[in-house]
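Chain lettering (A, B, C, D and E) follows the sequence in which the chains are written, and residue indices restart at 1 in each chain.
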Amino acid sequence: SARGEGPEQPGAPPGEVRVGYMPNLTHAQAVLGVAGGTFARYIGAEVRPRLFTSGSAALQALFAGEVDLLYVGPAPAVSGYLRSDGAALRVIAGAASGGSLFVLRPEVDRHDLRGLRLATPGIGNSQDVALRHLLAQEGWRTRERGGDVTLSPMAPAEILTLFERGELDGAWVAEPWGSRLILEAGGVLAIDERDLWPEGRVPTTLLAVRPDFLSRHPETVRRFLEAHVAITREIQADPEGSRARVQEALAELQGRPLNDEVIASAWARIDFTIDPMADAVAELADRAFAAGLLGARRPDLASLYDLTLLQEVAP
Amino acid sequence: MARWKAGLVSAALLLLCWQGLCWAGLWPRYVFPWPADVAATLWRLISTMELAVALLHTVKRIGLGFGLSAAGGLLLGLGLSRSRTLSDLLGPLVQGLQSMPSICWYPLAILWFGWNEGALLFVTTAGALFAVASAAESGVRNIPPGYIRAAATMGARGWRLYTRVVLPAALPSLLTGLRLGWSFAWRSLMAGELLFLNLGLGHLLAMGRDLGDAAQVMAVIVAILAVGVLVDRACFSRAEAAVRLRFGFDKAA
Amino acid sequence: MRQPAVQPVPPELTLSSVTKHFETRRGRMKVLDRVSLIVRRGEFLCLLGPSGCGKSTLFNIIAGLEEPDSGEVLVEGEPISGPGPDRVVVFQDGALFPWLTALGNVEFGLSLQNIPRAERRERAMAALEMVRLARFGDAYIHELSGGMRQRVAIARALALEPKLLLMDEPFAALDAQTRNLMHEELQRIWARTGQTIIFVTHNVSEAIRLGDRIAVLSFRPGRVRREVTIQHPRPRKADDPRLLEIRTFLVRDLRSDVEAAVEEELGDG
Amino acid sequence: MARWKAGLVSAALLLLCWQGLCWAGLWPRYVFPWPADVAATLWRLISTMELAVALLHTVKRIGLGFGLSAAGGLLLGLGLSRSRTLSDLLGPLVQGLQSMPSICWYPLAILWFGWNEGALLFVTTAGALFAVASAAESGVRNIPPGYIRAAATMGARGWRLYTRVVLPAALPSLLTGLRLGWSFAWRSLMAGELLFLNLGLGHLLAMGRDLGDAAQVMAVIVAILAVGVLVDRACFSRAEAAVRLRFGFDKAA
Amino acid sequence: MRQPAVQPVPPELTLSSVTKHFETRRGRMKVLDRVSLIVRRGEFLCLLGPSGCGKSTLFNIIAGLEEPDSGEVLVEGEPISGPGPDRVVVFQDGALFPWLTALGNVEFGLSLQNIPRAERRERAMAALEMVRLARFGDAYIHELSGGMRQRVAIARALALEPKLLLMDEPFAALDAQTRNLMHEELQRIWARTGQTIIFVTHNVSEAIRLGDRIAVLSFRPGRVRREVTIQHPRPRKADDPRLLEIRTFLVRDLRSDVEAAVEEELGDG
């Protein structure tokens, strides 16, 4: 079976560690940690990167036992935790805040979403929850619920294409797609999600681990966490230099150079942090539940977080 | 009926095997849901009307898409069967396009028609059109020539020869072609709904996937299976049985 | 050759010097060579010839399904143009439509002539009665035996009341008993309708039993090699010595042709 | 050959129509690429070996997936044809699963087998297995009983009866079933590659889409079409023609 | 009834009081009623009876393809168990395998007996020569005419050198000329191999032409109604007055049965 580990002794260091993330600006720590070899250096084992294009894909791989550590948005983290009754993941640190934008076409009135065609990168992901919450707050209903707002999940690249062609009126996306919509497709920034939260702290990326991996290799996880903290501190200390390195690594991954202006604009909208932002995540979970995305039981996030290691590493 | 009973027994057996696999615990429950979970989810989807809404959209789409490809395919096939030159020229194209998984058109369809029902309709139709056309062509070509000659000596010509002799004689092949076309259209539509459009069964499935809700995925699969079996049984099997009976094909077997 | 006496009314069918070739892989093959034939109204003419001599080809030409390379086909003195319901063919395999009932098959030709529903039904039923299948109007073709199917095919032709009934080895696929029955039926019907019938066969006994006159075609190229008139009263018995005499004569006459066909059949040896 | 020529003419015609549409300017060039653009992209994909790598992966996957479903489907179908009870019990299930668009399994396949080749193999195999099985079953059931009796009086029994008489006699139906299975497997694989796995033609297509590069999408479509036509022509059409020739089916037509 | 004289060696085939029923929708139908029959070695026995009287059923029982409800089938005094290559059947439609060549078909039965390749080929070629098809060994079945196919089927049976050659209306689908040829061929082969042949037919002339002895079955339930020995020398001519006499006698004898069959066939009327 693809699940589970190889035949190892508990406590022994694993032969390799599988790290899942998306090749995005909001996952900068992962991009840098893999590209610069920081992760491998800290844990003393081989790091196998697993790249995903959506949070739900990453979640599926986690369920299938195919990744050990995962950079993931808060919404997939919560729904994965709840679906598996806590068996699939624990959040051990925060990674990024912000970098989540609602962009509209210039002719659209931000306060009149009647009949619009909107998109998010996937049902139930962080941007999707944000947009659904906004719609609910302002009294708009989607077509599934008998309203007239079309809310479609689609790949970010497709969002860009369709937005350019006027097939979409707006989208709530993560960076750098938000900046691309604005700079390349003539979109207008309607909401920067940071503006909606106290102190601008809105979780965008968290670092999660499979519980059985955590209990089997606490030492490895701890070292990984150290690497994560170190990279985060480095970014905070040298944002411009880090940006250049992230940009380079992403260009490598995607096989073509990225637009400087876009990256600069996007980078400025993201805060990198190890703060787990637990309160905001709980609030997000409530919103997702209200939007009908988390099933019938009120979310109970009692042991979503396991911050003991983080407190040891970064007291 | 004995066949009914066998169907029930086999369904029961399936459920038992499923539950057995669950108990065996190869996978955790959130990955391999229990029959009870799926039943509960199905009930939720039914009671919240989500399933009904999705079904409505899917049925509308498959109806339109399959209808278009059936009509277009029959026309194209009959046209090809009328003229040797036409068939020599377009035949290879039709054959080639028939072998094309129509879902591959979808990135282009979106560019051409936009993010809307039109693109999905294109993908669904392209999936079936050419299969129906080539079945129709070969069906008409393989009519026993005796029928045509007999009808000709009785004075049937042109349009009448077509509607009164050629089409009925080709009916068994046409039906086979339509059934094949349906199965391609249905596959294309499901892939299309999964990939890019909201509303519809495929979308409900994608939602289950995105939310990590295996029970919902399974529940929607059950619904999709039900639609497929229903159409197969209620329409195609029945029509084929009627034709077989009338043409006396079963006698030979 | 014997020619029938010239009559004041034009004969039902006149073939004058009909020639036909086919292109084959081994070149151009002459199948029919200047075939001339006159058929009187109400006559029962049998066309006899070995397998492959061109009987069906000649028939297709008379029916208007194929064009001769040269020569003329006149029906009541008028040249024909294409197939028409005045010359209906009963094929060897019946060529009945399996998607219609027996009655539907018989009505088919009538409906093409836009005959109103009631009359159509009436004429079709009369035709089915004539072949003693009135009870089987509702049956689909596959529900009928071989002999019954052949009778439906005849009824379908009769219902159109054609001037000429063309029958191309209609009973070849039937077993001997059923074929015997069909011979009786056909003569009974012919006696009632008085139609002109041309009947193709390669079976000498069948030809002798049925025909007023027998035209013998030769093997490749097909040519009218001999005509024999049979004035024997009906019903005819197979063991009638005078008929046996004609039979022996015809068989001997056909021998060389038959041997050519046999040569093909036997392969080596 | 006349057919070759017709094929060339029809390809030329197609190109002409395509270019004509481009000139007509219904869509901008980046949405509806010119034949020259597609040819250039195709050349780029070939010269950078991207196409070859993708092709290799796709061919490996379809080979394995189709091979598995062909073998499994034949075994299942032959098994069903041996026992009335088995067929009564499993028949409805096989029929139902056959009508299921196998791409719908993919969310579950990923959960069960992981985000890997295994899941794709499952989807590809599930797409074809049941079609092959039900064709094999009905093929064996509809063998003229005369063959079996004749073989029996000559002393054929058991395993020998199967390999020497039943299988050859059912060959035409088996081939038809395999061909149908292939087309389902091919469709499933393409949808699967498009949806979720990297490397392979479908992924190259998805890349074209993500980059908004219509010419690349079109170029990959051309490649997919070529594979489909090649398999159809080189394997199935040829095998069917050989069987038809040997069995003398063409005579009847 | 006449019984052949008891012989010191056991007869080739002994049927004693074979009875068979079929379950139909209208209840249990007795198809064979205490059929007893003895066939001597080297004899050519014709089984004659109207369509549907149970000839094929009796045959299937002899071949071992079906079991009788009661009664016994002995071959050389031994009860049979299932089908075996000592009793090979030539079916009406030949039942040749289209995926094999003519030679392949003839070799099929031999290869089942694990006869080495060279001997197999030799015996198959000898059998094909016997039916004068040596030149057509490479041909696929569909490339042969109806008569040639029937001869391949006979060769396939002959190659196995069975004690009993069972032929179930093998020539019913052939036209009269080809059938005539086949009759001659069959008698020639029989004269050479001296095999025991049981030949089923519903054609009186065929039975008279071929058989040493004719066993007539009655219509439902099938029963041996009469046995006739024909000591006429071969080759026999169809128009020999003494044979015609037997023919007339048999036809009259069969009439009531035939009429029952005809009743079914003619429907109403």
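What we mean here is this: a residue touches a chain if its C-beta (ideal position, glycine included) is under 8 Å from a C-beta of that chain, and two chains touch if they have at least 3 such contacts.
Because the structure is a prediction, the values reported are computed rather than measured.
Give me the chains shared as neighbours by chain A and chain D.
Correct list: B.
Taking each chain's centre as the mean of its Cα atoms, which chain lies farthest from chain C?
Of all chains, A has its centre farthest from that of chain C.
Whole-Å distance, chain C centre to chain D centre, using C-alpha means?
51
With chain centres taken as the means of their Cα atoms, state the distance from chain A to chain E in Å.
84
Hunt down the residues of chain A that sit against at least two other chains at once, touch-wise.
3, 60, 63-64, 158, 161, 165
Give me the residue numbers in chain D that touch at least two other chains, ranges are fine.
Residue numbers touching two or more other chains: 31, 107, 111-112, 209.
Across the complex, what residues on chain A touch chain D?
So the residues of chain A in touch with chain D come to 2-3, 50, 57, 60-61, 63-66, 155, 157-158, 160-161, 165, 256.
Any idea which chain D residues touch chain A in the complex?
31, 107, 110-116, 118, 196, 209-212
Provide the residue numbers of chain C that touch chain B in the complex, in ascending order.
60, 63-65, 83-85, 87-89, 91, 93, 95-100, 108-109, 112-113, 140-143, 156, 160
For chain D, which residues are in contact with chain B within the complex?
So the residues of chain D touching chain B come out as 2-3, 6-7, 9-11, 13-14, 27, 31-32, 88-93, 95-97, 99-108, 111-112, 141-142, 180, 183-184, 186-191, 194-195, 202, 205-206, 208-209, 214, 217-218, 220-221, 224-225, 228-229, 231-232, 253.
Going by the contact rule set out above, which residues of chain D touch chain E in the complex?
144, 146-147, 149-156, 160, 164-165, 168-169, 171, 246-248, 251
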